[in-house]
Every structure is written in structure tokens, then in C-alpha cells.
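Shared chain: chain A. Partners: chain B in the first complex, chain C in the second.
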Partner chain A sequence: MSLFSKLNLELRRRTHSVVPAEAMLLEPASAPGLNDLRERLDRWGQLWSAGKESPDTSAQELITERLTHWMRLCFGERMPTSLHGNGDPVSLSSSMPILTAFLGRRATRELSRRVLQGI
Partner chain B sequence: MPRFVRSIWIVTAIHLAIGMVAYAHFLIFRRYEFIAQYFAILGSLFFLLMTAAEFSLALICRSWFDADELMRFAWSMIALAGLARLAGTGIRIGADGHLPWDLRQWFIPYRGELFANLGQLGMVIGGPLSMAFLAFGLGRVLSIQRRFRLPGSLTHGDKALIVLILAFSISQLAINLPLLRGQNSLGTILLWMSDPLLALLLVQAVLVRRSVIRIGQGLLAKCWGMFVVAIVTTSLGDAAIWANNHNFLPESLTALSWYIWFIPAAAFASAPAYQLAAMSSTRDLHQVNAL
Partner chain C sequence: MDASQARETTIQAYQLHASALSAYVRGLTRNEPLAQDAVQETFLRLFLTLMQGEDIKSTGAWLHRIAHHYISETLKSTTVRKAVSLDDAPEERLRDDRANPGSDRVSEWVESARLLLAPREWECVQLRAEGFDYTEIAEELAIRPGTVGALLHRATEKLRKRLRQRESPE
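And then the complex of A and B:
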């Protein structure tokens, strides 16, 4: 047995689990909790893709307005229409890839934080 | 206008204003002393300042991208192009000894055979080598633009311009290739690569310009637009040298054509400044408050 294997075995023997065994037993989530999670995921999904069936139109409009502002500032006044066509609204899902490509992940992360501020 | 870009063009405007005084002196008195001093001292310092700004700003832009991001390579190449221009300018200024404080004492005397002299080495580093780096960088920018279908279709005028550029490059190669048999230094041969590389950059500039026209005048569009301005004005400077070599320009216009070279230097420095402004605008509270 190599020295490394011996050390590894010894380390495993001495290492104790950081999570108590009783905490590892997963309890099934309650129905209201699951519903709440589903609603949140649906809402974020709609905000991400700017779905027209979204019930939260004011948040949607705010996101579109903010994204359009950044797209105009970074690329140009014709960018929102040239990228999305005249019909489709500007959404997070359609804008983030191009912003990430040209501004980088760090700047886009900051930008998305600004866009989603207060929503 | 972003802060850095404004500073670059204010310095350029002041520099050109002083240059116009020197030019007026030359026109009135028909003497080269004042204008020669202007280009040797202020001109050299201006090129050093602008290339240093271009390199450092491009390096900062590069640092905003992670190692696996595509634009990281583009900005690495653009930063290397800036570094090559800075090194080339430094070597040429040092070798020529134009500045009042003679820098030649700091340079090891060049005794190699690859280059005619140290000044030619500076010209190769600041010319074809820098252009090659920039061509790689712009090539990557164009490939990312194509991925998002940003470049618009070429017009007949664009196509005619590209054909003209290619025809000129081929004609220059046809002139230079037979000279390869002669006793030319490596430096001379590498300098012949300037024209084909500039042609490649011009073709790239035409394609980049189409995307700028399509999307508008945002900060990133202006960044790419500045590369177009820099490449086109470099070509104009080259054309002026060609016209002067063939005695097509009168003496007064020849002196005026030297001023062209300050514009690409400022434009090359402005391009990363616009990119940096776009990236740092995400942290700018004025922009956030404007929402």
C-alpha cells in the first residue's frame, strides 16, 4: 500500500460526519410548502422568459423597461428591435446571453442584480 | 461621453491645437525647425501616452472576463497589440534620439543582421506584429457578433471597397515578392507584411462597421466603431505616405498629412475606454438611478 493510500485511509477513519445521523432523514415537504415553491418557480420562469400569459405584468414591464435601457446604453438604440424583432418583448432569457458574451459574466451578474432590484 | 474617452480626446485636441500653431509657423516662414521639434518631442510623448493608455485600458477590460469566456481571448489579443505598439514606439523613440533627454545611452547597440537597425525593429513590433495581434482579436469579436447575427449584410459599396482593398494588397505583393530574391533583411521583409495585414484589418473593419450601423450608437458599438476609425485613419496615413513617395502631394500637404497619425493613436486608446465604460456602467449609480 502506498503512503498516500495509507494517509487517505487514516484520514477517513478519523473523519467524523459533520451532519448528525438523525438530520439526514429527509422529511417529505408539506403540501403548502411545495405549492409555494411551485408558485415561486413559475413566477421566476415567467419573468425570465417574459411570457405573455404572466399574471405579474407590472414586474414584467419593469424588467423589459430596465433591460431595454441597458441594451440601448451598451449596444445602441436599435439593438432591442434588431435582436428581438418588433413583436417579441425584451426578456432576461433573450438578453442575458448577448450581454454576457460582450460584457462578461461579472458585469452581467451585476447588471441582472440591478434589473431585478425591488422585484 | 465616458470620462476616459473625454480625457483622451481633450488631450488629442490640445495636442493638435499646438500642432496647428507649429504648422502655421511652417506655412508662414517655410522653415522646419519648429514643426520638427513639435513632432519629435510632443509627438513622441503623445504616442507614448496613447499607446500606454491603450495597453493599460485593454488589460483592465481583459481582467473583467473569466478565463473561459470568449471575449477574454479578444481582449488579450487587443492588449498585446497595444503592448506591441507601445514597445515599438518606445524603441523607435529611443533609437532615434529625438527627445531632448537622449535615451540612446540606455539601449544596447544593435549589431544583429536580422534588422537594419533598432528603429526598424521598433517599426516591425509596432507595425505588422501589432496588426497581427489586432487581426486575431477583431476576428474573435466578429465570430461572436456572427453568433448573435449582429453584422448586417454587406452593401454593394462595401463589397466594392473590399475588392479594391484586396486588389491593392495583391498588387503590392506582386511588387514585393520578386524583391525577396535580393539582399533584404528580415525586418524589411516583415515590414512588407504591413499592407496585407492592414488590408485584412480594413475588411474586418468594414464588417464591424456594418454591425455598428445595424445596432446604433451604444457604448460597445462605439468601442467597435473606434477600431474602425483607427484602422481607416491608419490606411489614410499609409495612403499619404504612398502619395508622398510618388510626389503626388505638395510640400504643405505632406506636412499636414503627418498629423493624421495622431487620430488612430487616440482612436485605438478610446476603444477599450468605451468597453470599460460599458462594463463599469453596471456599477455606476447614475445609470442605476436613471432606471
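And then the complex of A and C:
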């Protein structure tokens, strides 16, 4: 049995075992965590469907660059341009349907997380 | 769902489930920084999933599943040094320079796949490509999830065989 299998087994065992005593002490959701989450969601929400008129150009460029890279990997060199022939940059909202069809929901979610990494 | 709705739903879910989720991941990891990361990452994934238009029936169960998966993957990547990155996607297998690029190539391939597969297999592949999971496909086609797995496996084998034949036509 590999190390990871053992670890995974241990995790599952813990999941189904009696909940540890400290886990029962529920604390209120932390304010810094919530504030950080709010900030990120605001930013990501703005960038999700932003095109040329995006207020944050550098972040939008980074997203376009990463998405184009992934779409090239998935569909080949000319696919991004054939999908966006009207000159609009590739955005998360416009590329999600094709990526979901090609990769499935879970992989697309992880891909969008990577595209938004550090933003 | 638009961005503001997804944001509000995520914030509400945080206020409702963050404490229980924190306790759960702390119990799993016994590692405070990792637990905090896991909670944040789980809610960020909830937002991304909502933005993808997915309908989540039981938010609490979904969050716990994602957090568990995140921790398991993180422990795996720190334990197993040779983690395989998504950057290593098999680009050369996906690209076929001989064929016409763009939508022509895709529709040609889709058409050949449709002809190759049995109708039931084709339906399964289509639903899978739209992002349905095994249970949802089973509900849609009124068959058991195990049958969905078998049909998809058979379809994948046929498509693989066809790809191999295309790559080395002897």
C-alpha cells in the first residue's frame, strides 16, 4: 500500500470516526476570513466577464493570457482565434461552456481556479 | 447565475457553514494554517462552481466534500514530491497538425465518433461532455449509474482504438 493510500485511508477513518473533542467547539466564522473572501469575490466577479473595457487591465490581460494558454493546450493553436474571431479577448465567461464540454465541470472549476491564482 | 448572485450565495454559505467546516477540517488536519486555507479555498470553489451555472442541492454536504478533497490533494502533493501538474497536459496528443484546425476538425471528429458509437454510448458521451456526472446521466437516461460507467468505458475504448488507428494507419 502506497504512502498516499495509507494517508487517504487514515483520513477516511477519521472522517467516519467519532468527531474529535476540539472539533466540537464551533467558533463563529472569522471576520478576517470573511473580509478576505468578500474582496476576492468582488474582484473575481468583475473580472469574470470583463472584456476590453475592464477597469483592471493588467489582471484581465493575465487572465486572457492564461486562458489562451489552456485553450491552446486543449484545442490546438488556432482554436482561441476561431472561437473569438470578432477581436474580443478570451474571458472566463465566454470560454467556460467549451471548456466544460471538453474537460467536465470539476476540471473546469480547477482550471478557472488556476487562471485566477494570485489575482 | 450572475456574479453578484454568486457572491451573495457564497457569503451566505460562509456565514452559515464556515464554523462547522473549520471544525471539520481542523479535526482532519490538526494543522491550523492548512485548515484556514482549506476553508477559504472551499468557498472560492463554491463561487466558481456557481459562476459555472451549476446547481448545488445540498451546500453543506458539497462544501465538506470539496474541503475533504482539497486536504487530501494538498497532503498528497506535499507527501508525493513527484506531483503531476496540469501544465503537463498531453499537448501533442490533442494537436493534430495534419488536420484542418478549428471547428471543421472538431465537427469532423464529433461526426466520426457519433457513427462509431452505439446510440446509448453516444448519449452517455454527450451528457458527460456537457458536464453531467454518472448519477445525473443515469437519471436522465433511466439506467443505473453502473451501466453509465460501463457504457462510457466501452465508448472510450472504441474512441481510443480509433485514435490509435488514425495515428498509425497500417
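To be clear about the criterion, the second predicted complex is superposed on the first by the 72 of 119 C-alpha atoms of A that agree within 3 Å, B and C clash if a C-alpha of one lies under 4 Å from a C-alpha of the other, contacts with A are read in each partner's own complex, and residues count from 1 in each chain.
In this section, contacts are C-beta pairs under 8 Å (C-beta built on N, C-alpha and C of every residue); 3 or more make two chains touch, one makes a residue touch a chain.
Keep in mind it's a predicted model, so treat the numbers as computed, not measured.
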Ask   = After superposition on the shared chain, which partner residues are touched by A:E77: those of chain B (first), chain C (second), both, or neither?
value = both
Message = In the overlaid three-chain picture, which partner chain does A:S58 touch, first (chain B) or second (chain C), both, or neither?
response = neither
Query = When the two structures are overlaid on chain A, which partner does A:D36 contact: first (chain B), second (chain C), both, or neither?
reply = second
Request  = Go through the superposed model and pick first if A:L111 touches only chain B, second if only chain C, both, or neither.
outcome  = both
Query = Which partner, chain B or chain C, touches the larger number of chain A residues?
reply = C
Ask   = Does chain B (first) or chain C (second) touch A:M96, or do both, or does neither?
value = second
Ask   = In the superposed arrangement, does A:W44 touch chain B (first), chain C (second), both or neither?
value = second
Ask   = Now for A:R66: first (chain B), second (chain C), both, or neither, which partner does it touch?
value = first
Ask   = Is there a shared patch on chain A that both chain B and chain C touch, and which residues make it up?
value = 72-79, 82, 101-102, 104-105, 108, 110-111, 114
Contacting residues of chain A [partner chain C, same complex] = 3-4, 7-8, 11, 14-15, 19-20, 22-30, 33-34, 36-38, 40-42, 44-46, 48-49, 72-79, 82, 92-93, 96, 100-102, 104-105, 108-114, 116
Message = Can you tell me which positions in chain C touch chain A when the two form their complex?
response = 3-4, 6-7, 10-11, 14-15, 18-20, 22-24, 26-28, 36, 39-41, 43-45, 47-49, 51-54, 68, 71-72, 75-76, 79-80, 86, 89, 91, 94-96, 101-103, 105-106, 128-131, 133
Request  = Note which residues of chain A are touching chain B in the complex, please.
outcome  = 65-66, 69-79, 82-83, 97-98, 101-108, 110-111, 114, 117
Key: Complex contact set, residues of chain B against chain A   = 64-66, 69-72, 144, 147-148, 150, 212, 214-221, 278-283, 287-288, 290-291
